[in-house]
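Read through the structure below, which is laid out as C-alpha cells, and then see the notes.
Chain lettering (A, B, C and D) follows the sequence in which the chains are written, and residue indices restart at 1 in each chain.
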Amino acid sequence: MNPVNYLYLAALLFTIGATGVLIRRNAIVVFMCVELMLNACNLAFVAFSRMHGNLDGQIIAFFTMVVAAAEVVVGLAIIVSLFRSRHSASVDDASLMKL
Amino acid sequence: MSTAAVLSAPAVHSLWTTAAEPVDKIPAPTIEYAQLAPILIVVGAAVLGILLEAFVPRRARYHAQLFLAVVGLAAAFAATVGLAASGHASTQARIAAMGAIAVDGPALFLQGTILLTALVAVFTFAERRLDPAHHGHRVDSFAAEAAAVPGSEHEKSAVKAGFTTTEVFPLALFAVAGMLVFPAANDLLTLFIALEVFSLPLYLLCAVARRKRLMSQEAAVKYFLLGAFSSAFLLFGIALLYGYAGSVSYARIADVVDGAVTDVDPALASTMGNDVLLLIGFALLLTGLLFKVGAVPFHMWTPDVYQGAPTPVTGFTAAATKVAAFGAMLRLLYVVLPGLTWDWRPVMWGVAIVTMLGGAVVAITQTDIKRLLAYSSIAHAGFILAGVIAATPEGVSSVLFYLAAYSFVTIGAFAVVTLVRDAGGEATHLSQWAGLGRRSPLVAAVFAVFLLAFAGIPLTSGFSGKFAVFKAAAEGGAGALVVVGVIASAIAAFFYIRVIVLMFFSEPKPEGPTVAVPSPLTMTAIGVGVAVTLVLGLAPQYFLDLAGSAGTFVR
Amino acid sequence: MENLIALLVAAPLLGAAVLLCGGRRLDRYGHLLGTVLAAASFVIGAVLFFDMLGRGAEERALYQTLFAWVPVEGFQANIAFQLDQLSMTFVLLISGVGTLIHVYSIGYMEHDERRRRFFGYLNLFLAAMLLLVLADNYLLLYFGWEGVGLASYLLIGFWQHKPSAATAAKKAFLVNRVGDIGLSIAIMLMFTTFGTFTFGPVFQELDGAGEGTLNAIALMLLLAACGKSAQVPLQSWLGDAMEGPTPVSALIHAATMVTAGVYLITRSGAIFNAAPDAQLVVVVVGAVTLLFGAIVGCAKDDIKKALAGSTMSQIGYMVLAAGLGPIGYVFAIMHLVTHGFFKAGLFLGAGSVMHAMNDEVDMRKYGGLRKYMPVTFVTFGLGYLAIIGFPGLSGFWSKDKIIEAAFAKGGAEGWILGAVTLLGAGITAYYMTRVMLMTFFGEKRWQPAPAADAATDVEPSADHHPGELPHPHESPKSMTVPMIVLAFGSVFAGALFSFNSSFVHWLEPVTRFEHGHPPVGAAVITTATVVVLLIGAGIAYAQYGRKPVPVTAPRGSLLTRAARRDLLQDDFNHVVLVRGGEHLTRSLVYLDHSLVDGVVNGTAASVGGLSGRLRKLQNGFARSYALSMFGGTAVLIAATLLMRGV
Amino acid sequence: MSFPLLTATAALPALGAVLTAAVPAARHTAAKWLALVFSLATLGLAALVAVRFDPGGARYQLTESHAWIADFGVRYELGVDGIGVALIALTALLIPFVILAGWHDADPDQQSNRRWRPTQGFFALILAVEAMVILSFEATDVFLFYILFEAMLIPMYFLIGGFGDRAHSGSDENAAAQRSYAAVKFLLYNLVGGLIMLAAVIGLYVVAGNFSLTEIAEARAAGDLTMATNTERWLFLGFFFAFAVKAPLWPLHTWLPNAMGEATAPVAVLITAVVDKVGTFAMLRFCLQLFPEASKWATPVIVVLALVSIIYGALLAVGQRDIKRLVAYASISHFGFIILGIFAMTSQGQSGATLYMVNHGISTAVLMLVAGFLITRRGSRLIADYGGVQKVAPILAGTFLIGGLATLSLPGLAPFVSEFLVLVGTFARYPAAGIVATVGIVLAALYVLVLYQRTMTGPVKPEVRSLPDLKARELAVVAPLIALLVLLGVFPKPLTEIVDPAVRHTMSDVQQQDPRPEVEAAK
C-alpha cells in the first residue's frame, strides 16, 4: 500500500480528534480526542519512519505514548478533582472566568 | 535523557544497518555531564524532592523542600554561570548529549534567566505570612490538600491538621528542568519532551490554589486541555517535519531545508521535494510555540489561567514559560529554519501585529488586575515577536535582554498582587485597588514602578528592552512593525496609567483591602524585581553586552 | 546738553515708580512729588529749548544714545533719543500742559483716597508721552506709543469701581491696539525694506523703495494714527474715555496723547510725501473725522462728550492738514499746539463746573453758572472763542491756515476739502456756542444730586450731598490758576506763532514747508471763515439762547438721535464685533471641546468600544478557545502556503 | 578632567528630591525649606553655568561625555549653547518661586495617615522635574534627551493628578475625577507623542548609527551621512509630533487647559513655563539640526499651524469662564508665536523665539501665580465669582495687571521684545503670516483686559469683600519676577548676547540666510 495513504489516515484521525475537541463537552471525551490526535501523530511518525527507512519515527512513537500516559495521569487528576467539586465534567460548566 | 543519544542521526543509522549482526557490546552514549550540569542538578533536586515528600515527616517538609529547591536552583545557576564563564557561551559552545542539547550562548543566558526567575518565584511560593494562621498553622498560597473537594469535611480536617501542599516545590523544579531543556533542545523530540516536562507540572500547580479553588481548578482544566491540544499540533508538526527531512535533528533538518545534504536517498529525495510537508509542519510547530508564549490567536488561555492560578504560580508561569518558549522559538527559527526566513517572516509579522494590538486593546477594559497583567503579557509577547522577526543576531540578543527584563518585572508585579488582600484572599478586582497609594504609598509606588516598566517608560528596564527590540526590528527591516508596536505601546500605556490613577488619585474606600506585611521571602522577590527594573533601566550596558555576546546559536 | 534729554523722560518715570511702588506712606506728599517732577521735566525742556534757540536752524537737533535695546543679528534697536524742533514743540506742550494739569489735579482729586496713585499714573503718562516724541526710531516710538496707551487705560479706568469706567478703559486700549497693528506692520515693513527703522536712515533710503511699499508703510502708519488720534474708523473709544477724571480728559484725551497720531504722520512726513496715494487717504480720513466729530459734538448733552466730539473734529483738521504734505505739516502742528491750550482749558473749565455741580455732566442740568463761577466762565469763554476761530485768538490763526492750505490743495480736491473745512468751522461754532449757552447762560436747571448708588459702590465725595441742590462755587486756586494760564495760551499763542511766521520757520528744517496757493485770495477765505462761524454761532443762539433749554432732551431728528449714539458706530461695533465675537468664541469653545478634543476622545472611545467587543470573545468556554487556536492554526497554515504560492 | 558643572546642575536638584522625599512625615516644614535651599543652590549653579559660558566660544560648551549604553550607540553627552543656557537659567530661576508659591499647597490634612507624606512628595517631585528639565536642556545625545523627555512626564503626572487645586468649579468627587482626567490626559497625550518620537529615534539610529547630536550634524554637514528625502521627512515628523504635543501646537493642545486648570497654580506654572519649553527647545535644537531639509519642507504647514494656534488660542482664551483655563489658552497662543519664530527661519525669529521661551515663562509665572493666590483666597476658579478685587486687594490686583500686561506684550515688559522679534522675523520671510500673527496681539489685549475687568474692577462682590491682600511670602514670589520682566523688557542684551551665536549656528544648520532688506537687495 502506498505509504502516503497512511499519512492521509493520520491526517484524518488528527482532524477527527481536533473536531472532537471542538464539539464535545465532556472533559474526559475532549481529553480522549486529544489522545486521538497524539495517536494520529504516532501513525504519521511510524509511516514516515518506514518511508525513510530509519528508526527515529518509531522511537518517537514510543516517547509519545509515554508522554500521553503522563498526560493521562495529570489530566485525569485535574479533571477528577474538577468533577468532584462541581459534580460535572462538562468543560462548558467551567466558565467562571471570562471576559 | 540518555535515550536522546540513541536518536542522533548517525547513531541510529548504524544501529539500523547493524541490527542483524551479533552484538558484542552496546556503544555507550557520550554524555557531557559537566555541560549539562544545570539541567541535571535541577532534575536531581526535583527527584530528591519527591523522595523528601515520601520520607520526611510532614512538619519538616516545608523547610526541607524550600531548602532543597533554593539550593538546587542556586547550584544550577552557579553551574550556568560557571559554564558561561568557561567560554561555553561563546567559543566553547557545542552540542552536547549526542546532538540532543545545545550548550551555547542563548541557551545559557536563557537558562540563567529561568533559574533566577525560578529562584525568586520559589520565594513567593514559600511565603506564609500573608494570610492569618489557620489553627495555629502558617499557610501559604496552596491548598491544604488539593485532592479534597472544596468546602468538604475532608478539606476542613486537612486544614485543621495543618497539611500543606509541599509538592509544589518538586513540581516547580520539574517544570524548571523542562524549561531549561526547552530552549536548549537541539532536536525536535527533545523539544517535545521538554515541553511536556515543564507543562505537566504547571497544569498541576495551577490547580492547587488555597483560595478560590473552583477557579483554580477551572484554570487548570482549561490550561491542561488547551495545552494538550496545542502540544498535539506541535507533535503533528514534528511528524511532518520528520517526514520531510527524515530526521528530527535541528542540524539535519536545516541542511535538508537548505538543500545542503549529500547523502540523499530516494525516499528523502521524494519528501524533500514536497514543500507542503515542510510548510505545514513548520506552521503546526509554530502553533505549539505561539500557544506557549501566548500570542494572538493562541492566547485565550492566558487570562483565565493567570487569573485562576495561585498568584505565585501565575508569576512563575508568566515569566519563566515565556522565557523558555521564546528561547525555543528563536532556536527553531534561527537554527532550523533560516532557510525559510522568507516564509515565516510575513506570517510572524501578522501574528506580531495582532498580538501587540489585540493584547493592548483588550486590556483596556479589564477589571481584574491579574487578567489585566495577562493581557499585558500578551501585548509583550507581541513586542518580543517583533525582535524575533528581526532575524539578525541583534534581534536574538535584544529578545534575550527583553526576556530577562520582562521576567523580573512580571514576577515582582505578581508578588505585589499577592500582598493586597481582603477577607476573601487576594483582592484582585481593580476597584479594590482604589486609593492604595494613600494607604500604603510604598507598595503602590513599587507597583507603579513595575507598571511603568511594563509601559516602557524610560529609566526602567521595560524601556531598555523595548528599545532594544524595536531597534533590532527596525534594523532588520521591520520599521512598520515598530510603528505598530509604538501604537500598541500607546494603547497599553492607557491601562497601566489607569491603574496608577486608581492607586494614587482615587480616594481609598473604607472597606477596602489591606496590604499584608510579607516575610523577607516576598520582600526579596519584590526587591529583586525593583532592583533589576531600575538597573536595567539606568545602566543596561553590562546586560546588553551579556545578551549581545550570547546572541549566537551553535549549529 | 544732549545728556539732559534722557532726564526729560527720567524725571516723570522716577515719579511714577516711586508713587506706584511707594505704598501708603507716600499718600501725604505723593501729589506734590509728582507735580514737582513734572515741572522738573518742563524746566529741563525749557533749558533745552533755549539752548536750541542758540543754534542755527539746521544744527538744532540733538541726539542721545543710551544703550542697545534689542541687539539681535541684523536687527538693531537702541534706546536713543532725537530732540529736534518738532520733538521740542511737543516736549514743551506735554510737559507744560502736563505740569498745569498736575497742579489742577491737586485740587480736583483732593478728596480721592487714591490720589497718590492718580499722580503716579499721570507721571507715567508724561514719561511715556515724552518717550514717544523723543524716540529716534519707530520701535522706541512704539514703546512710548503703547506706554501712553497703558497710562490712558489706567486713567480712564481710574474709578474702576464704576463698570462703565472699566469698560471704557478696556475699549480704549483695545481700539488702540487695533491701530497698533498698523504701527507694528509699518515697522516690520520698514525693517524688511530698509533693514532699519531709525528715522534718519529710513528717510534717507526712501528712494530705493518702491512706491507700493511706501504706500503700504504710510497706510499702516495712518492706521496707527487713527487709533491713537480717534480718527474714523477707530474713533469710537474717545467718547467713552470721558469716564476718566476730567484732568485726564484734558491732558490725555484733548491736549497731548490723542494728537500723537498727528505727530506720527508729521514725523513720517518724508514717507507720506513719497506716498501720494496714502496721503490722499490721510486727507479723506481727516475730512471725514472732522465732520463726524463735529456732528457728534452737536448732539451730545454730556459736556465732556461734546468736548470729546470737538476734539475728534479738531484732530481731523490736523490730520487733514498733515495729509496735505509740506504745505500743511506746520499748520497741523500749530493747530495741535493751540488746540492743546484751548481744549485743555475747556476741559479744565468743564471739570471745574462738574466739581461745582456734584459731578453732574449733563449740560441740560446746568445753566446760568456765569455768575457763580466767574473765573471759570471767563477762561472757558476765552477757550470757546479760541476754538471757534474768533479772529485774533489762537484758533483763528491756526485753523485759518489749515482752511487755506486745504483750498490750496488745488483742483476739485482743493474745493471739496476747503468746503469741508469751512463747514467744519461753522459746525464748530454751532456746537461750542451751544455748550457755552447751555452751561453758563439761561436760567438754572439744577437738579438734586442723585443718592449714592450702592450698586456702583461710588463713595460719596466730601461735597456730595445726596438729595440737595448743588451749591456752585468757584474752584480753589490750584484749579483756577492752570485754567488762567491756559487761557493765556488760548488767546495769544496763535498770534505769537504767526507773528513773522515764526512757527513756520521754527519747524521748517524738520517738516519742510511749501507755500500753498489757494485759488482765491487769503482774505476771501478768512472772511468766509468768519461769516461761516457767525452763522453757526447764530443758529446756536437762536436755538439755545433765545429759548429755554428743556431739562430732558427732546427726541430730536433722526440725525440728532444718530449723532447722540455716535452716528451708530458703537451699535455697529456692538452687533458686528462684540456679538459676532461672542458667537465666534462661544462656538470655538464648543468646537474645541466637541471637535478637537472630541476626535481624540472619540478615538479613545472607539478603541475602548473595540476592546469591549473583543473582550466578549473571551467567553470562558474552553472549547471556543480551542476553536480560536484551531482557526489560528488554519490561517497560519494557509498563510504559509500562500506565501510560497504552493 | 574639569568639574562636571552641567551634571552637577542637574544632579543637585535630583539629590534635593531624594533628600526631600526622605524627610520624616512629621517634619513637613523642614521638607519645604530643604527643597527651597536646594532650588536656590541650583540657581547658583545655573548662574555659574551662565557665567562660565562664553558667548564667543565654541557652539557647545562645558561639554561632558561618558560612555553609557554602547549597544544603543548612546553616550552620556552634555553641552550647552546659548539657548540652553538661557533656558537652564529660566528653569533654575523659576523653581524657587514655584516652591515658594506652593508653600502651603501640599500641607497634610489632619486625618491623613502617617505614611502619606504629601508635602515631601510635592516638593520632591518639583525638584525631580527640575533636574530632568535641566538635564534635557543640556543633553546633546538624542537618546539621553528622549529618555528625559519621557521620564519627566511621570513626576509631572503625579504633580497634576496628586495635588490638584483645592478650588474648583464643582463638587469634591467631581473635582477629583476632573483632576485625574486631566492628569491622565496630560500623560497620554505626551506619552503618545513620545512613543511616536521613539519610533523616529530608532529610525534615526538605523540611519545614523549613533545618537550624538554633534556627530550626526557634522557627518551630515560633511556629506558622510545622507538621508533619503522621505526618510528624513518621516523622522522629522516623528520628532516634531512629540514636540508639538509638548509645546503644545494646535490641534494637539487640548491637554493643556485641562492640566493647567486642574493643577495647582505653581504646578501649572511648572507645566507651561518650564516643562513645555522642552518641546519648543527641542524643535529648535533637534528638529532643525538633525533634519534641516525636512524642516524646510514642513515649514509652510507648521507656520500655518502656528498661526492657527495663535489666533485660536487667543479666541478660546476670550471665551473661557475659568481663570486658569484662560491662562492656559493664552499660553497656547504664545506657544504659537514661539513655534512661528522658530520656523520662520530668520535670526530675528529664532532669537525672538528663544527670548520668548524665557519671557513667557516669567510672565506666565507672574500671571498664574497671582491668579493662584487669588483663587486660593476665594476658593473658586470661575471668573464670574470675582469682581472689584482691586478695591480690597490693590497690590494683588496690581501685580495681576502687570502679569496681564506682560502677557499682552506691552512694550517695556520682556515679552514685547521677544514677540516683536518673532513678528519681524516672520514678516521678513512670510509677510502674510506676520500680519496674521499681529492680529494675535489685539486678541491678547482682549482676553487679558476682559479678565482683569471682570475680576478686579467694578463693584466689590460680597464674597470677595474680605479677601486679604498679598502676604509677604506671596509678594516675595511676585516682586522679583516683575522686576525681571521690566529688566528684560528694557535691557534684554545679556540674554540676546548669549542667544545670538547659538541662533547663528542653527541658521547655518538649516542653510538659511536672513532675507536682505529690499533696499540693499536692489543695489
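One rule holds for everything that comes next: contacts are C-beta pairs under 8 Å (C-beta built on N, C-alpha and C of every residue); 3 or more make two chains touch, one makes a residue touch a chain.
Just so we're clear, the structure is a prediction, and the values are computed from it rather than from any experiment.
In terms of C-beta pairs in contact, C-D outnumbers the other of C-D and B-C. Chain nearest the geometric middle of the protein is D, using mean C-alpha positions.
The distance from the centre of chain C to the centre of chain D, with each centre set as the mean of the Cα atoms, comes to 37 Å. Measuring from the averaged C-alpha position of chain B to that of chain C gives a distance of 80 Å. The centroid of the Cα atoms in chain A and the matching centroid in chain B are 24 Å apart. Taking the mean of the C-alpha atoms as each chain's centre, chain B and chain D sit 45 Å apart.
Counting partners per residue, chain C has 615, 618, 620, 622, 626 as the residues that reach two or more other chains. Multi-chain contact residues of chain A (touching two or more other chains): 18, 21, 30, 91, 94-98.
Those chain pairs judged to touch are A-B, A-C, B-C, B-D, C-D.
In the complex of the two chains, the chain C residues touching chain A come out as 615-616, 618-623, 626-627, 630.
Those residues of chain D that touch chain C in the shared complex are 189, 250-251, 253-254, 312, 315-316, 318-320, 347-348, 351-352, 388, 390-391, 398, 405, 410-412, 416-417, 420-421, 423-424, 427-428, 431, 434-435, 438-439, 441-442, 445-446, 449-450, 452-453, 456-460, 490-493, 496-497, 500, 503-504, 514-520, 522-523. Touching chain A in their complex are the following residues of chain B: 3, 6-7, 9, 12-13, 15-16, 146-147, 149-150, 189, 192-193, 196, 200, 203-204, 207, 213-215, 217-222, 224-225, 228-229, 232-233, 235-236, 238-240, 242-243, 246-248, 265, 267-268, 271, 303-304, 307-308, 371.
Interface residues of chain A, counted against chain C in their complex, comprise 18, 21-23, 25, 30, 91-92, 94-99. The touching residues of chain A, when paired with chain B in their complex, are 7, 10, 14, 17-18, 21, 27, 30-31, 34, 37-38, 40-41, 44-45, 47-48, 51-57, 59-60, 63-64, 67, 70-71, 74-75, 77-79, 81-82, 84-86, 91, 94-98.
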